[in-house]
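Order of writing sets the labels: A, B and C. Residues in every chain begin at 1.
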Amino acid sequence: MRLSTRVAALCVGLLASHHVAATELPQRWVSAGGALSEWVSALGGESKLVGVDTTSQHPEALKALPSIGYQRQLSAEGILSLRPQILVGTEEMGPPPILSQIRNAGVQVELFSAQPDLPALQSNLQHLGKLLGAEDRASKLFQSYQQQLDQQKVRVTKAQLSLPSPGVLVLIGHAGGKPLIAGKDTSADWLLQRAGGHNLATHTGYKPFSVESLISLDPQVLVFADRALSGEEARAALFKENPILSSTRAAKDGRVIQLDPTLLVGGLGPRLPDELKKLSDGFFPGTADQ
Amino acid sequence: MLRTQNLQIRRGRKTVLTDITLELKPGEVLGVLGPNGAGKSTLLGALCGELKADHGNIWLDEQELSHWTGALRAQRLAVLPQVSTLDFAFRVEEVVGMGRLPYQSGRVRDDEIVAAALNASDAGHLHGRSYLALSGGERQRIHLARVLAQLWPGEAGQTLLLDEPTSMLDPLHQHTTLQAVREFADRGAAVMVILHDLNLAARYCDRLLLLEGGRPVALDTPDQVLRPDRLQAVFGLEVLVQQHPERGHPLIIAR
Amino acid sequence: MTVLVKPRALFIGLSVLCLLAIWLSLALGPVSLPLLDTLRVALRMIGLPIAPDGLEQAELILGQIRLPRTLLGLAVGGVLALSGVAMQGLFRNPLADPGLVGVSSGAALGAAIAIVGGSAFGGLPEAFGPYLLSLCAFLGGLGVTALVYRLGRRNGQTNVATMLLAGIALTALAGSAVGLFTYLADDATLRTLAFWNLGSLNGASYSRLWPLLLISAGVALWLPRRAKALNALLLGESEAGHLGIDVERLKRELVFCTALGVGAAVAAAGMIGFVGLVVPHLVRLLAGPDHRVLLPASVLAGASLLLFADLVARLALAPAELPIGIVTAFIGAPFFLYLLLRGRA
């Protein structure tokens, strides 16, 4: 057989298999996990989503979809009533017997890692890409993500040459009240470290602090996330409920940065690099374009 | 027959009852009198097995009381306490019907007995009412009907212990109650009743036990026990004792 | 004079209600199944030879999801109501509830230890997770109740008033321990704990169901036999003793049945409050306090209430689910208030 025919046959074969694969791809998706839903949308699968969990708040359009509840307390029948072909979620999805009931009903159940590191993200994206028939897009997306994170790293390293890492505290509150402080082994800690900050809190997990401790730590930068409010409202509420914060260096210098709380759950999401940039801008003022 | 010998009860260091030797004879109503704190309720408590005796035993027939159990004991010994608390809206006949618990006499017979016991307590007209809707005196009569039903119709070998069954009753019902008790004894049961009213005791009891400070002061017929000097010594009350014009039993009048 | 519902009418009414609840629990749900399919699957399940074509989904939904859930609801509702009756008899007070002897708080403590402790050890093992949680809750409930009972005993006699105080104290202690675990928990564990505390019939499966079914059946068959004795106990412990009842033994049985039953229910379905307090009360308002009627009627009423509550829990926010403890409170409390205001108390 001549080379061109072989190539032609190969192409036809590839196209045919691709077409066959496409018709086997799941069309009705249910997603349990904020970051996953965002990646599905980023890979062009937003139109395939028929139901999402309560942590899936981005993009805005997802809020209009039927809600399957909290990702750890799913209802088998509820999900099945949406007639999905695939259920995607992190290992936090549950309760476990529900997942087997859904599998038994013939729905594909795919679990993804919620680990906040790049290898996990890469395998997640590859997997999602396969399921959506968008493998190319997935690897491109990962590459640009990696690039952005590398750039971020470079920028931070450079900035740290001329400026010291600021002491930072991350507060998670609800309408300003009763804020929890993010310590080690939290995604907030992961974020602020990648942004070049130095977490003044040494405990593990999210814990409340006494007001005295907050003042004695005297952070240079305050990062806060509010579960109930956003924007100026959240900022105002934070200082209204915790007036003592106004006496910190951070408040006096106006170095109070707001963080989107949905970034803190479910592993690495697509909006992360932008948020990191914003944090670094705040940690190392004047280094924005480096 | 319920009896005890040299019964003694202590509470901590204090001796609350001592030197009691007593036999509750079939067909007899024994009244227990005495000022407050004399040990009357303690005696009743010991005789029905609720209080443990520090000295002396209680016998029911040929066995120690503590060896009698469950339904067998309940068929021979019934106790009416001074106060009964029941916070649930049972019907009157259901409360009285609880007295039939130790028996397997069947629904029909139980209903008959309940009705008869209610009539004996002059509470027949309360049939069908809710217990919680009754007055204190009416409730007391219902509980009397219950213990009567427990031993109905009353015969030799059965003992009934009553702790102030007339405390909340009006004069008419004080008499009808004690009359019912009297009739029970007339059928052969042994009855011990704690009373405050000396005249009621004089009228309805065959023998009287007078207690003071935990000790028996007298155990005899009403004529012998109810004497002015004795009553003054025990109760601190000056009294005249006369004879009832129609019935002949002692009549105690405060001076 | 309060007009009561006659026992026969009450039992017929409650049985019909319960059957209706069972049917609705099987027939309704977020997935809408055609009525005919439901009927055909139901008939298949009881052994009739009906062709299975096109019934796969219905069989899965009914057989694997709704039927175990219905059974769980029946068992939990029945045993919680029954335990409520037992405790109201033990404490001779219509406001008593199984939680007074500490079984609920003990179960909550056991669950908290399993959830938080498990995550501290790197997460509960996948296969054992639910079993371990149930087991810890069950043991916690039994443990605290045993302690309360022990504290109430002196000289071979159980003092109910002391038990009550011990129950209150241990409940407070267990509560603060749970609070400590809550503090130590990370975000995700916290959510799991919170949801467990609200109760749910979600995820019912036959393998986890049978211990509860056995225990509930046992308790439901045993307690009604002590109905007359329970009636007499309401007169007072000494009065009941004089009527020939072994009061110490009866009290022991009541505490034991409650600990077993409520412990198993909480282990299987989390904390579902309110049923043990309200159902006996409602039945008493309708049919009087005689335990010969109250005990079996409470089983039927409790089971029905829980199944109806579960229907609301499943459908109100479908495809998500409401925790059932919220629904039982929402249904029970207003109805109870209404009855009280009407003056039937």
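Everything below uses one rule, namely that contacts are C-beta pairs under 8 Å (C-beta built on N, C-alpha and C of every residue); 3 or more make two chains touch, one makes a residue touch a chain.
As the structure is a prediction and not an experimental result, all values here were calculated from the model.
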Far-end chain from chain B, centres as C-alpha averages: A
Chain ID, smallest distance between chain and overall C-alpha centroids: C
Centre-to-centre distance between chain C and chain B (centres being mean Cα positions), rounded to whole Å: 45
Centre-to-centre distance between chain B and chain A (centres being mean Cα positions), rounded to whole Å: 82
Interchain centroid distance [CA atoms averaged], chain A/chain C, Å: 40
For chain B, residues contacting two or more additional chains: none
Complex interface listing, chain C residues touching chain A: 29-32, 57, 60-61, 64-66, 126, 129-130, 183, 186-188, 191-192, 195, 200, 202-205, 208, 314, 317-321, 323
Chain B-facing residues of chain C, complex: 1-2, 92-94, 228-229, 231-232, 234-236, 238-239, 241-246, 284, 288-290
Residue numbers on chain B that touch chain C, as the complex places them: 48, 50, 69-75, 77-79, 81, 84-91, 94-95, 98-99, 101-102, 128-130, 133, 150
Parts of chain A lying in touch with chain C, wherever the complex brings them together: 51, 54, 66-70, 72-82, 92, 95-98, 101, 104-105, 205-207, 265
